[in-house]
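Following: one structure in structure tokens, then a few remarks.
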Amino acid sequence: MSGILRLGRLELRVLDLEESVKYYTDVIGLEVTGREENRVYLKAWDEYDHHSIVLQKADTAGMDHMAFKVKDIYELEKLESKIEQFGCQLSRVSKGTRLAEGEAIRFQIPTGHYMELYTDIEQVGTKTGSLNPHPWPDGLRGIAPHRLDHALLTGDDLETATRFFTEVLGFKQTERIVTVDGEVLVGSFLSATNKAHDLAFVKGPDGKFHHAGFYVDNWYDVLKAADILTKNNVQTEITPTRHGITRGLTIYFFDPSGNRNEAYTSGYMSYADFPTITWTEDKIATGIFYHRRELVESFNKALT
Amino acid sequence: MSGILRLGRLELRVLDLEESVKYYTDVIGLEVTGREENRVYLKAWDEYDHHSIVLQKADTAGMDHMAFKVKDIYELEKLESKIEQFGCQLSRVSKGTRLAEGEAIRFQIPTGHYMELYTDIEQVGTKTGSLNPHPWPDGLRGIAPHRLDHALLTGDDLETATRFFTEVLGFKQTERIVTVDGEVLVGSFLSATNKAHDLAFVKGPDGKFHHAGFYVDNWYDVLKAADILTKNNVQTEITPTRHGITRGLTIYFFDPSGNRNEAYTSGYMSYADFPTITWTEDKIATGIFYHRRELVESFNKALT
Amino acid sequence: MSGILRLGRLELRVLDLEESVKYYTDVIGLEVTGREENRVYLKAWDEYDHHSIVLQKADTAGMDHMAFKVKDIYELEKLESKIEQFGCQLSRVSKGTRLAEGEAIRFQIPTGHYMELYTDIEQVGTKTGSLNPHPWPDGLRGIAPHRLDHALLTGDDLETATRFFTEVLGFKQTERIVTVDGEVLVGSFLSATNKAHDLAFVKGPDGKFHHAGFYVDNWYDVLKAADILTKNNVQTEITPTRHGITRGLTIYFFDPSGNRNEAYTSGYMSYADFPTITWTEDKIATGIFYHRRELVESFNKALT
Amino acid sequence: MSGILRLGRLELRVLDLEESVKYYTDVIGLEVTGREENRVYLKAWDEYDHHSIVLQKADTAGMDHMAFKVKDIYELEKLESKIEQFGCQLSRVSKGTRLAEGEAIRFQIPTGHYMELYTDIEQVGTKTGSLNPHPWPDGLRGIAPHRLDHALLTGDDLETATRFFTEVLGFKQTERIVTVDGEVLVGSFLSATNKAHDLAFVKGPDGKFHHAGFYVDNWYDVLKAADILTKNNVQTEITPTRHGITRGLTIYFFDPSGNRNEAYTSGYMSYADFPTITWTEDKIATGIFYHRRELVESFNKALT
């Protein structure tokens, strides 16, 4: 109910830019909408804005920053003031720093990740258009998600991170994982929308990136995604399954730099009066991988 | 981005209360959460509030009123003041008028339908609970939708109705159908959430009810719904298909009093910056029934 | 349990050969495997033989003939002798009459349709190959069915036709539609395999073609087929639904010459001891279109 | 093309009869059709014969025998003679040995498993009946498969086993796994029908049982199966995925005695002219678990 619209973009660090572009276009099925020397901009077919993923050539993999789009400049200013009150130091990203983007504000969240808020980005429209549109366009390739959906990060102090996102940025907490004694928050799922989550944290090292979730339409499209990953010899961490948390249907895999991706669908709708669901840590594996009921070893280790 | 959370409930007029309860429990698969002499209260398994459907014994079918839940009393008062400024006459529904509900405000929208706004209703929780929940409960019956999703009404002046919902109540218009000359709005799809619609209007007589949409999970569940309707000999208007508008997957059918119901899934997500999609009236049939590409005769006629 | 393997090919008469090839490749998604002056040969991606559909340029639409592949020359000779005993006049189609085919025998079945039996056809393999194959190939277009599945024809004397296929050719009757008094057979579903049907008849004029059924994988692929038909402006007779008969999931539509096509999936398995299911004629509409429960007018009329 | 219709029944040894009955009825969703002191007989809702699974109280888990139904006594006698010629010693199981069954012949196949052939068993019909049937019955519980579909066994000499099933019993080999040098057969998939397999072998100890496959309708039903297994705390070996071999969609899990079960769907159709697909052993893991591309450790070890 804050002015935050959605996770508008992720800038990911990748080791080999061309190999990464090939992967994000052929396997994920995004389209390139812009190029600079060290950055490539991409969007999913069903997104309106100029890009949702920015690939940045870098020496280490990971998330450069995540950026949430805000409704308008008025909401952005209100958020800016609340963020400063919380004690975060803000900097300003000037228009033209990145392609097709206007000004943004940038700051570090309590877990050390860089985050931006912005309202100004060129809108290029979806592939189906806005006049008598067909439900999907011809010529889709790869997994072809509808959109970038959410991100999962790790951090040490999830209580503070949750407080920042709920009290300052107006997210609601849809689900939380707590130690059995109820003392420590080890997972926190946060929604700025009616989705089950737009952002989530699991306990781990500060500043690390766990995965970017792309939204596909249904369980058959998760199967199609899984088939495509094998056909393209992409490293897959978890084969098609359900999350207990969010009830979503999912598959986890890795981009060529080791950044984890997810094809995700079918989480529940949450409204602002949604009562937070609690998972106790003894059930965490069921919460994460509902069918497997145990974590895979890499889940907590493969972070970028 | 207003404080409106969702279409919280519909009170439907039905001719035979017991026959209707049997239909809404056995075929739709809602559960009864309360009874009064002339009203029965029901909810879907995945809804938190005490009820979303109220069946009212009456001499004619139709919608007594629709009610949207508002985030809190502060947002409710802001909306109340804007509604009065628009020129609507407000009345107050006192706590205890209906079971498990607190106070509400009631008014007529420009199309003559009665609408209520409220924030206070008993929350009874979903069937799966909020502690280490399974994704779905045992013992489901019938179509078993997740929730009441949206309503479609008819009215004569859709420009004014749209202005009321967007300017006063803070909905956005996700899609619109206009005459080919662009002069007259003949369909208007409105969202207070990230859903493709929470409420819609098609041009027709003021004050009439077209359908209540219930959300099911996927296209196989639309098939299951269709099978259940035939097994229960329920009158079906449109067999499984896609709406061009919202891209949703759907089936239309009628309750024993002739109120149209829908099992619906998979419409797109809309954010507050969603650019309104336009359908020209020559494509209206494709917009409504994407595969059939012509309306069924009853679509505009079977209104209650 | 006879030596008949399957409906191996249909030769369809089409009015405009190039327009038809475009439709069968772009919309249905078959691939062209051979061309002659007045014939084009096509196969589905998951078929091994050189072709399953032959399009023949002609002045009227319809089925030139249907051909069933027989296991070997020994079985073919046994069938040949039984067909002659039944009183059918046989002719021989010599090798080279059509591309990639060996010799065949040709005869008229009791309903006046031409039928061929053959065992010799060039095998070209599927698109996924037979060594460590992926489950589906890249580059599929259109509806992209796995295979030609079955045909439905009309005829006047279905008792005799059924006797011919069961007693002479070794099919079993999986389902039958009879008048309410049980006197007349008005529908007959026949299987030479473990499928619910390979061939079917409904009562109507002798010698006419009702439809060719192509097999798709699942209900979401029926939806995809329906979407593709609208995107390509193809005339659709029945939108996604279930047949009561065979339980199959289906959509009916027409090729540019008016020959009806079907995308079909999910009928039951039948074994040789399958007890024939009976539909009484008062339930015929539910048997044909399980959700609609009434026939569309064109069902009995649009014959080629 | 032999007279063999299908894998008609499996008799499984279980340690605790009542616990096993509870599992096979509540979780798998079979129905009990008969009981004796040490045996319980069960069938799936869509099977016609009296039973397809017999649970036998025993001290060790495993398969007592598998039995294939033969078309008629004439075919049975032909098979009997060929089996004896192959050198197997036959015994006769007399009518009344087990409930609702007529006489059977029993013998050991080259891998040491006991097998029976029979033609006489009481036919009780499906739950939907054979007169104007609905596509599925009310009151289904659990995974609710259509039928017992196939079995997978282990054995040492798969060349001989394959020869027995193809040359003596008339199966075709649809797929085979060979060592990279092509010298040794380490997997053999055999079909007596148009299914991708009715019986399969992987190299391992003689006489052991790997799994019984139950057929469900589609990929969403595999998901439902997986959800049900977690809800019932059933040990699951592989979560929803695809087999490269057969292309089937699958989940593996264990009954309370440790006998592996599978919910399986969507393998391809095979006809008698189906060219055997070859997998080289270096790709065996992709052939078995197409998405995971490596075996789970228990795959070769959890045998009963």
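Read from first to last, the chains carry the letters A, B, C and D; within each, the first residue is number 1.
Convention: a contact is a pair of C-beta atoms (placed from the backbone, for glycine too) under 8 Å apart; a residue touches a chain by one contact, two chains touch by 3 or more.
In UniProt terms the chains read A, B, C, D = Metapyrocatechase.
What you see is a predicted model, and the numbers here were worked out from it, not measured in a lab.
Novice: Chains shared as neighbours by subunit A (Metapyrocatechase) and subunit D (Metapyrocatechase)?
Specialist: B, C
Novice: Please indicate which chain is farthest from subunit B (Metapyrocatechase), where distance is taken between mean Cα coordinates of the chains.
Specialist: Centroid comparison gives D as the farthest chain from subunit B (Metapyrocatechase).
Novice: Per the definition at the top, count C-beta pairs in contact and tell me whether A-B or A-C has more.
Specialist: The comparison resolves to A-B.
Novice: What is the distance in Å between the mean C-alpha positions of subunit A (Metapyrocatechase) and subunit B (Metapyrocatechase)?
Specialist: 31
Novice: On a C-alpha centroid basis, what's the spacing between subunit A (Metapyrocatechase) and subunit C (Metapyrocatechase), in Å?
Specialist: That gives a centre separation of 48 Å.
Novice: When you check subunit A (Metapyrocatechase) against every other chain, which residues touch at least two of them?
Specialist: 134-135, 218-220, 227, 230, 242, 286, 290
Novice: Which stretch or stretches of subunit D (Metapyrocatechase) touch subunit C (Metapyrocatechase) in the complex?
Specialist: 1, 3, 5-6, 46, 48, 69, 71, 123, 125, 130-135, 146-147, 193-195, 215, 217-219, 242, 244, 247, 266, 268-269, 271-280, 283, 286-287, 290
Novice: Can you name the residues of subunit A (Metapyrocatechase) that touch subunit D (Metapyrocatechase) in the complex?
Specialist: 219-220, 223, 226-227, 229-230, 236, 239-242, 249, 251, 286, 289-293
Novice: Provide the residue numbers of subunit B (Metapyrocatechase) that touch subunit D (Metapyrocatechase) in the complex, in ascending order.
Specialist: 134-136, 138, 218, 220, 227, 230-231
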